């Protein structure tokens, strides 16, 4: 048989059809921009208030706070990977902390067991949200917002039923150490550790695990692909519904961890844990360059973003602004930080176009 | 009237889409704009309609320079357009979509009566009997395409740009469109036609401009001076040679790899029986909307099967989702709509191909980028995917290369049964030929292929047997003897014969 | 092996002279109740010749933020703290932090939940007593019989629980003549929710209610306004002496209010913090001192300030003679 | 059940078309809920006092729901509606009490502040290309600071008697503020159904790319939507100031979640391109019913949160299921 077809295609040329630069220049990397901004702010705050470098009163608590909010950011990041949101991060953290507190209060379980129970509760709540979202197709914003509402009620009902007020009175052994100690308090002979709070490694481990998950594991990559194009993912054999559930479960689990870290920092498992998580949960990832559209995440960026917000907060606190100015400046600095990234982006695009 | 675009240059990040392209239009003619995928045709159309601003060059309308700062400027200058991408607001009515760019207003409010009258007028031009109040979301793909054209006509235009207007139209509908195009030409309009369907182009166009890599290699030459082959040579930039697709022989006694027995689905398919053997290509032909894609999706568990059985290698199966189809039964599906269903446009090529094989690549649960890149390199080589790097985003590739990526993921997953849905829609002649060869080679290597296509020449070229589907029922099956004239007639007859007449047409 | 450094770094109380003492007064967040602290702080600073007294309300009713604010202040050189703990349940942990660094700490206007107070002392309204007095005032205004409603704040807060108990006690004492019809909690978050809750309550049961006792600010404002608007003969007992409420007492729309003693808390608190900085110790560490509560009606609306100053003076004397051990 | 697609003319068909709309479910629910509550309270709900309170506090939720809806129409969100309402309310009170302006000028001032703040949101979104969700998150913090800055934690009270009279006045048994809210809702409905700007806004929401190719400026739509949202927040503020008689920096804190709840339950898609004024109003009505139920039966507020959460989820699920069933049968 003969058919009219063109000549077989020439062998693929090694040179690309268009000279696209293979690597983005270093300065255009959003993470680098963040680091520069961060260093600039630290220098500025230190110049204005030398107390910014006070180890015990500023740097050590700052590290603890960053740990909490980096994990909060990661909890949001876990669902931003899908292009979805978790409006109930705070409440999942609170439920998880409640579970840990209850387990200790009633069963006297050790700290680590309590933590595991708490994380499991967080993960279950996340999975529940994911399940509703994936089975009904209702927008994640709506589902988690409604869940948030329901949990606000539930948490206080539970605390009233199981405690005298809004917190568990007792604390498992080790909580105080987790709160107060730094590695400098632990010595091997003469050598003591650095002045890093004990909660930091927990947050670092979480960041590492999440980074590993999205970069190297199949499940993590498939979650990202579901976020990038859910229809194509489904047609590529990815069980997209399961991935949605898993991403939300991860979000719940990380929210639980954040709740635990906050409880450790504040010294009690209380109903107010997570009340203030929602805003920072978005700021960390977004400042770090994660879009709300899904399909791509930056764990390092999230940690840097959380660091940036905490540094801003700490610096403004040291400057002793009154409430109205404090809020005003936080909002303005955030807007500037976000816009700087945009400016960088535009410049990078111009340069790329000219290349 | 003359519309001239001179030396247009347009650069996207990393891509020079236009590099000194020139287009000259005279009123009263149909002008073909041809070129391979990525040659820059759509970019040119978008510059002429104010969607993009050129980085260099100028546009002249009768010797005065035209500065277009947005789509509205182009409309005011009398330039109407049907873009390659769909361009309708689903929730709005047909009428509102047609006149959206110049909603008739009265005291700041939309004048609905005038809107309807105006829309009616444009629909009448196309002999289209559509309720102007129907939401566009309810329309079929073809109807929506016709509404797009009506919308372009609603601009009081002297110039009409049509970027692949017939990609989703049936032959009849395309004919109707071309009748109108001729009418417009005769009344003094200038019409630009972008299409990969050269037969159609040669039937209606008077002059031709050919773009290659963003440059015009032929400028407004009379089409009558060229043969189709010459035009293809110009597009490709190289002498044209025909190739033979090797003859395939499949023993009819081989056990079918995939077999449907009296399959009915929730979508409305009734009693469909088909079979494909390893090494064989079964063509599934039908008009747009015949239910072929739906059939494929039902097979993959995306729609409910209500009756009959699916057998894979002789064993009845129940497939729940694509993952199961792939892993247990080695069935793959290359969807028709690559941008929405086949690809992850914002992801690198590596991930687009790797997505089906991570399970296999994982060591201790971890997939390394290196292993993935190695695997991807194998398939980019084998399919000749042209890309700057394996990290390039799929969305930055040309249509043909995108389609190859969409196919590569199934080859990487080592499929044995492959369903390929409209593989060459919107793909230029050269790439299309390469694709045909690739599909033939895949069959030779022992894959069982189900080729869904609305492109008659394509199906007659490739298929061993051709099943014809219309209105969700099987109208018959023909053995392909590769004689285009005879086969096409037989197929068209099958489509138009009622279901009752199907029996006698059914070939052995 | 790995050993934990022994707990020997609890800095013993360093003594400071008045011109070295910088006191920080930290409320739980922005609230009218704390506003008198500002002027009291300035006054204490000049009277006691302190290095500095600051007032910082940026905690935003969040314990985490408050901890941060307190630490920032410490980093800035503030070395004595009077704190209204956002969450009574875990404020003790924050107190301990400060104590460990050798700073004297006062729990002002609210005491930690439970029976333990890790601050040097707690100078606060006895909320149960104040609520009891308020309820008694309400009972009296109602003529000793009828139905009473209690509007208050966050239900899951130990102070709210104490207030509920106080009101219950006063109602019980009437021997059934006054019935506590309803206790509405969680209406102090913002003014509009309070207004809505009051309007709905009056709509539902307005005619059955003879008295409303408020133990939170927003509902007090809302109830005074709501009752006036609905023109119902309901006696409203409010809380604190915000201008709006005093105006209500004068025009008769509010039957009375129960005042607390924020000025006393700030001035006496600052005084005691100074003494502790100078080397005094608490004779009974963690002691809880009632800063007083006063019922104000039209009868004494002009003269209540004198009672309150008297109480403040009395408090300072009590600290000198009873709670502080100097020397 | 018949599933004919033919369309015989007549009222029956139109009735069926109406009954197929998502708003129909809500209307039935609202009516049933209202009747049930009226019966359960032994008719107390229908007494003029109760009914007055019911509708007076329905005005702000309706307007604030619409303020969110106009931004949802373009597929964005406005997290600053609540604090902006508070800011505008404080500004209005400040203008009357501290600047000594008459009420009409103060009202105008509040509306101008709302509009300006909304336009600012829109312009920031357009010029920075940052997601609207994030931009309004930041401006929410800024407005919060400003709101507090007006008068610290103290309450403004005793401003224009005329304005407060207007706030408590009734017409035909219905509070005037509620009628104002309804009128605003009507204007918004006309804006989206008929006004060219409204249609363009919906086009942007439905398909920004297609809208752009049709000559609609998406940037303008974004600015218009946010500006309108701010203006509506200003209207909500004026209604608050009029109806409540006293305002302080906590005003608006309870508005953010309801602002989403009303349009979402009302059937507005978060993806943009679809609005439902009737649905939003009905949803606000339903939520208000829950409020009143709480007061009538002295239910723990915590249970109410739980119930509202469940109702939101339930209503949305019901809507999806219903639409799916309808699609299947048609």
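So that you can tell them apart, the chains are marked A, B, C and D in the order they are listed, and the count of residues begins at 1 in each.
Here is the rule we go by: a contact is a pair of C-beta atoms (placed from the backbone, for glycine too) under 8 Å apart; a residue touches a chain by one contact, two chains touch by 3 or more.
From a predicted model like this one, the values you see are computed outputs, not experimental measurements.
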item	value
Steps needed, at fewest, to go from chain A to chain B via touching chains	1
Most distant chain from chain D by Cα centroid	B
Distance from chain D to chain C - Cα centre to Cα centre, in angstrom	37
Centre-of-Cα separation between chain D and chain A, whole angstrom	32
Distance from the mean Cα position of chain D to that of chain B, given in whole angstrom	44
Junction residues of chain A, two or more chains touched	156, 160, 323, 326
In chain C, residues with contacts to at least two other chains	30, 57, 155
Per-residue multi-chain contacts in chain D, two or more chains	148, 300-302
Complete list of chain pairs which touch one another	A-B, A-C, A-D, B-D, C-D
Chain A-touching residues of chain C, taken from the complex the two chains share	1-5, 30, 54, 56-58, 60, 62-65, 67-69, 71-77, 86-90, 92-94, 97, 100-101, 113-114, 154-158, 161
Chain A-facing residues of chain B, complex	11-16, 38, 213, 232, 236, 238-245, 247, 300, 302, 321-323, 325-327, 333, 335, 340-347, 351, 354-356, 358-359, 362, 365-368, 380-381, 384-389, 391-392, 396, 398, 409, 413, 429-434, 436-437, 461, 482
Partner chain C, residues of chain A touching it in the complex	49, 51-52, 54, 56-58, 61, 65, 68, 156, 159-160, 164-167, 169, 179-181, 184-188, 192, 262, 265-268, 270-272, 275-276, 313-314, 317-318, 320-323, 326
Chain B partner contacts - residues on chain A that touch it in the complex	1-13, 16-22, 212, 216-218, 221-222, 224-225, 228-229, 231-239, 295-296, 349, 352-355
Chain D residues within the chain C interface of the complex	41, 44, 47, 49-50, 52-54, 56-57, 60, 148, 152-155, 157-158, 168, 240, 244-255, 291-292, 294-296, 298, 300-302
